[in-house]
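Written below as structure tokens is the structure these notes are about.
Letters A, B, C, D and E mark the chains as written, and numbering starts fresh at 1 in each.
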Amino acid sequence: MSTSLKYPSEKQGLDPGSLVHVGDVHHSVTRITLVDYSKDHYEENPVDSVEEILEYRNKASITWVIVEGLADWTIIESIGKYFNIHPLVLEDILNTHQRPKLEEHEDYLYVVLKSLMPDNDHFSVAYEQVSLLVLKNFIFTFKEKSDPLLSPVLKRLQNSRGRIRSTGTDYLMYSILDTIVDLNFDIMDQLEETMTLLEDEIFSNPTPAALEKIHDIKREMVLMRRYISPIRDLLGGLLRSESEIIDEHTYIYLRDVHDHVLRIIESLETHRDILSGLIEIYQSSISTKMNEVMKVLTVFASIFIPLTFIAGIYGMNFETMPELKWAWGYPGIWLVFIATAAGLLLYFKRKGWS
Amino acid sequence: MSTSLKYPSEKQGLDPGSLVHVGDVHHSVTRITLVDYSKDHYEENPVDSVEEILEYRNKASITWVIVEGLADWTIIESIGKYFNIHPLVLEDILNTHQRPKLEEHEDYLYVVLKSLMPDNDHFSVAYEQVSLLVLKNFIFTFKEKSDPLLSPVLKRLQNSRGRIRSTGTDYLMYSILDTIVDLNFDIMDQLEETMTLLEDEIFSNPTPAALEKIHDIKREMVLMRRYISPIRDLLGGLLRSESEIIDEHTYIYLRDVHDHVLRIIESLETHRDILSGLIEIYQSSISTKMNEVMKVLTVFASIFIPLTFIAGIYGMNFETMPELKWAWGYPGIWLVFIATAAGLLLYFKRKGWS
Amino acid sequence: MSTSLKYPSEKQGLDPGSLVHVGDVHHSVTRITLVDYSKDHYEENPVDSVEEILEYRNKASITWVIVEGLADWTIIESIGKYFNIHPLVLEDILNTHQRPKLEEHEDYLYVVLKSLMPDNDHFSVAYEQVSLLVLKNFIFTFKEKSDPLLSPVLKRLQNSRGRIRSTGTDYLMYSILDTIVDLNFDIMDQLEETMTLLEDEIFSNPTPAALEKIHDIKREMVLMRRYISPIRDLLGGLLRSESEIIDEHTYIYLRDVHDHVLRIIESLETHRDILSGLIEIYQSSISTKMNEVMKVLTVFASIFIPLTFIAGIYGMNFETMPELKWAWGYPGIWLVFIATAAGLLLYFKRKGWS
Amino acid sequence: MSTSLKYPSEKQGLDPGSLVHVGDVHHSVTRITLVDYSKDHYEENPVDSVEEILEYRNKASITWVIVEGLADWTIIESIGKYFNIHPLVLEDILNTHQRPKLEEHEDYLYVVLKSLMPDNDHFSVAYEQVSLLVLKNFIFTFKEKSDPLLSPVLKRLQNSRGRIRSTGTDYLMYSILDTIVDLNFDIMDQLEETMTLLEDEIFSNPTPAALEKIHDIKREMVLMRRYISPIRDLLGGLLRSESEIIDEHTYIYLRDVHDHVLRIIESLETHRDILSGLIEIYQSSISTKMNEVMKVLTVFASIFIPLTFIAGIYGMNFETMPELKWAWGYPGIWLVFIATAAGLLLYFKRKGWS
Amino acid sequence: MSTSLKYPSEKQGLDPGSLVHVGDVHHSVTRITLVDYSKDHYEENPVDSVEEILEYRNKASITWVIVEGLADWTIIESIGKYFNIHPLVLEDILNTHQRPKLEEHEDYLYVVLKSLMPDNDHFSVAYEQVSLLVLKNFIFTFKEKSDPLLSPVLKRLQNSRGRIRSTGTDYLMYSILDTIVDLNFDIMDQLEETMTLLEDEIFSNPTPAALEKIHDIKREMVLMRRYISPIRDLLGGLLRSESEIIDEHTYIYLRDVHDHVLRIIESLETHRDILSGLIEIYQSSISTKMNEVMKVLTVFASIFIPLTFIAGIYGMNFETMPELKWAWGYPGIWLVFIATAAGLLLYFKRKGWS
């Protein structure tokens, strides 16, 4: 998580548009995959250099270029040069600290967002920045890591029957966005499970470890909201966009993703409200426990301290203490002990303390 | 309640528009009821297959089709095919994790919302998703369960004198929305009763059980708000809508439901404010109780510990302790005991502690 | 107060527009008063049936009909029939759980709001719903109870010199709204007094009773805000309204009431901020008191427990305890007692605890 | 401060426009000062009756009338009559419970706001309502008290070189507003100083007195915000105004005051955030202190209670207690005492308690 | 930090437009540097008087004048006179308590903002006000201090290959804004580090010092937000501006800075949420610790006080206490001691207290 809060301070003083990768390096090698398809045709090949892509520029088919790993900035520079992309956009692609946004340029759309993936069995989330360059017949995807994030989209493309093969880059863009957004539902499921367990723990046994878990989840949720809520604006922007690249039949699909994002954000809000309640519950539980401890101490101390005093009296060595010589003195003092203890117990019982 | 926070993670990777029921299955059998009416005519029949509905398409009368149970997705698919409904709408009908919304399509309106019903004598709410497809002469209602939710509307239809029989599908839609929204007033009544009892409990005896009840109500209210507040936007959308399906005389009725939703939301806000106060009250009550316990302990310990010390002094075995031999030694020490105790009691009385 | 949170659950399943009184019945008898006035003429008569009102319809004078008590719904039904009022409006008049609102209909304005009156010397508020139907020459006022709420307006009307006699129903409506809104200033005065007393109580002696008072005031203020803040929108609506009924010279008066409502709402916000501070103060005061109690206990226990131990040593019965035989043994041990106690007292003094 | 929360409840039932002074009376005598100036001419005279002002109506010079003390409502009535001011405006001038606002009338602007002045060395603020009537060549200022609030403006007028002498009433209005708004910077300075002292106090020694100070400052700040934040809207209104009275070159000056108000409001928000943090700090400090007290008690009690018990054992009077006769019994028991105490001290040291 | 909350109270009563430096004086000497450049030409000279600048007015090259130190107001006055700047703008330049803002004047833009620089290894921020006057071929920068804040821009200018040399003053303005805004990323890095350390400290050992650190960071963040969030509006204003000075190709660069500001503000919000969680964590940690202390005390006291009482019984001096003479009396009492202690230990173990 520390990654996601770092800033490109190493970047300062460079010319705007300078291409330097800012962020953690996940792969030193950059892998490029090219997918080219039309209604009747599908091919998927690894590519070694940007130049191999160029020949597809004149074809009518849709070409999807997936770039995995951002360490080699020369690749991004070449793409920028050949496809006429603004230097600031290239800079943003290389800097993995972007907030999700949409930029409409004359010939292309630039979309950047974060995909969230569950990290391990603790509640922890891995973030990956995905950038899309959507041209008329080309779509570029830039990812930080080489992972199966987009394989559902590839599978759908390979399957020739789907709507996806006969539509343009806008529908492919929609499919990618949909896949990334729907991943969040998994995280929400996991979040809910974690919170149900945590709730039980806090009610039954409020330990500092539970408190730390609350804090960790809160941190994670603050970050998640920061990366998910701008996606709403991004999609709102696509819905309002009048770009030629987006076909009018695609809007209804984008509206569907928009609805999903709204549901995820609302669910985050719901969990946030519940979580903030949990801290109050924790504090109240601790207070209740302390109350119990105090009552036990008070009952013990308040019963035995007076008794000890009474025993102390008859342990004094005064020469003339007539009670000490009474035949019934000793049994009598036992009666006093028992009566005092019983009276105090009754008093505490009435107070509801034991 | 766990249901309402689950997400369609099993859905990922499918083509958008794939028809799969997402959510809990309440009924394995899907029941279809067809109601057809005009000013002078009323019929209500169970229907076995979608094809039986088709013959009503050419009639001038209003036809209302109620589908209960969503396990059999082929029914929804057939309706989609025959009435030309967009695949994404069909997908939304089958997925019972929707947030309330209105979608205006060219020939029909799609409305989805949640009905809330009190579950049992504890404060717990059952949620059911209801989808409406409103066409010019047809209205489809899709419900998760087979329950008497809509029977008030049916009764009003059977009664031939009402306005409802001589108006279009828009007025029927209004009646359904009105019935679902007004159910929330029951829940608000119940919520208020529960909270009044809880308040009394917290002031008189703040137990951890009360704390847990507060938390449960809070959770439930967070969910309720999540399902009710989008209904306001939904109705706002209907009021602003310029769809041909809605007659201008119906707007005043929709505005009435809108007012009801506003009242329910305000009432939820009111209860939320009061509830959040209750947690503070709980914490303060606990602190006050602990203070009382502490005072009892302090008074007991502070009186008897010094007395025990004095008794201890004269329990020492020094050879020369002149007091031990004084004739008035023993009565004198009793005076000291009584005076010390009385003095300390007076001191604590002045502090207002006993 | 329980009244104001109840909901018309008994209403469900009825046809919209069904006239049933929903709410507490304050009077079984409905009293109607008719006031008719023009610049030179004033009459004020009790009226037995709605039909008596009808003859005033053709007069040029302004007629004001005050209906007190809503149990007899036939009266409202007749008025609706004769003056062509929409059934939903009649339904709203009979249901005393409305939120304040303005409805503009073609021939009339419908205004509903709550008047707030101090209830008794505790801080408690009585709510009464007042509905206004404002026609061109007629104004109907529906009140729940028969009380002197509107007598200031009547007095002003009886006094023939005022502006009120020579203007239309819009100015009368303004006068009624102004009278109802200004009543809230009384409540604010009372609220301020109560809070000043409460503040003193909490700083000097934070008892659970004070906590309960805070909670009661908070509840009451939540309700007040709920009934007052929509009046702002209502008046905003009147100011923006282009209804023929409102003369352009009346706007400046409506703006004045609007200003008053803003002042009342701001004052409520102010008190709410201060009140929420009071709970924090209460909790801090309790903690401070507990701290004091703890210090007393600690000082007593920490001084006398060591002393008791020392006394205990010389109460042991070992055969060879040389100190016991020393001539200065007993005085010496007193020195030890005094030195120990003094040392500890000094230590606590330095810590600032006693 | 109690003044500023009082409401004109004594006003109810009066005709709107009735002229009655509502608020505290500061001066029974009303003082009028007339200032008349143009580029080359300046005079400043006390005035006894409104009629003396009238002759200035036909002059081209700017006339500024300062009315101090509002007890004599006949003066305001005369001004209203001669200069054609709406009765509701006159009523507002006399009621010193206004919220700051701007009203644009056909021939004049009505501006009302509160000036805030530091009251004494405690943090306490005195409020004074200032009303301005801005006509084409006349400006009326109504103040509650006779104080040197506006003397900086008078000084600038007397000095013939300034821009102020050659511009219209709009620039004079600006100068008055600027003077009143800039007074708040003093209060902010004082507020900051008070808060710095309070912070130190709370960290070093969190007493109930500090708590009370926090509460007082909070109350004062709530009131200040209530009187200052509407001034922003007032100035916003002047900037958007298209009144003939305001010359286009004056807008840049008004924008400057607007900036000052924004800075003051932001500073208030800043202090509010810090203050609300202080209460949390206070509570945490109290808890920390209590923790310390508890540790001392626990260490003392837990060390000496076991020791006392051991001493108690050898104070028992059993006939056969072999240890009592051992030669090394007594020194041995001292070893036990010391070892036990040392062991426990070590245990608490490890826990970090002493 | 105290500086940033001070107000120009010393300024009151002066004519608006009076040139007085308000704020802390950092340098008594004012240093002026002149940079003149075009595509092929670059010069950078110190300048002694404003008059030396004037000759550059007729050149086509871009001239950048950097004024460091504001104590000598005559320099600002001369610049105002020669370049026709409004007196209020000059006044704002000299007053270092401005909130960031943009003012569009006919011939120039006035931009004022705060640069934030890390102060030392504690989390503390130094603020410096930077004002920009952007004319067609001239740009003036006014800074409080003489520091290397703008050296990255100068370096880029010296390097003749960059875009910056062939564009106008708008691009230079962008470069300056970008440099100042990007400095905040450093501060965010530092803030994150400080907070991670603080979190660990609070969980492991919640001391009052940690509490004070939280408070200090909170104060600093409140101030930072106050100075950064208006920069968003400032840049929004530049983006919407239709000034001739800004070339259409520069907008995309300004949008980039705008994105950076958004990221910084979001990051501030994130940290604020986490920080406010930390105070709750602190309080809960303290309560948990106190609970532990209480348990130790309770266990010790509750075990040894009863034992001491039993020992006390057999220390009494009654003549007839048969147990004292039993052969197994003494060993028997040891059994009682051990059994009692074991029983109580078991009881507390079951409660989970030790």
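Points to keep in mind about this one:
Keep this in mind: contacts are C-beta pairs under 8 Å (C-beta built on N, C-alpha and C of every residue); 3 or more make two chains touch, one makes a residue touch a chain.
What you see is a predicted model, and the numbers here were worked out from it, not measured in a lab.
Taking the definition of touch as given, a chain qualifies here only if it contacts subunit B and subunit E alike; those chains are A.
The angle of the rotation superposing subunit A on subunit C, based on CA atoms and rounded to the nearest 5, is 145 degrees.
Although subunit D and subunit E share one sequence, what matters here is the overlap of their interface residues, and that overlap falls short of half of the numbers used. Subunit A and subunit B have Cα centroids lying 26 Å from one another. Centre-to-centre separation of subunit C and subunit E, using mean CA positions: 42 Å.
Residue numbers of subunit A whose C-beta contacts span two or more other chains: 283, 287, 290, 294, 297, 301, 305, 308, 312, 315-317, 321.
Contact topology of the protein chains: cyclic, one closed ring where each chain has exactly two touching partners.
Across the complex, subunit E meets subunit A through its residues 152, 155-156, 162-164, 175, 178-179, 182-183, 185-186, 188-189, 192, 196, 199, 203, 252-253, 255-256, 259, 262-263, 266-267, 269-270, 273-274, 277, 280-281, 283-285, 287-288, 290-291, 294-295, 297-298, 301-302, 305-306, 308-309, 312-313, 315-321, 351, 353. Looking at the complex, you find that subunit E touches subunit D at residues 2, 5-9, 11-13, 15-17, 86, 88, 92, 97-99, 101, 103, 205, 207-208, 211-212, 215, 218-219, 222-223, 226, 279, 282-283, 286-287, 289-290, 293-294, 296-297, 300-301, 304-305, 307-308, 311-312, 314-317, 321, 323-325, 327, 329-330, 333, 337.
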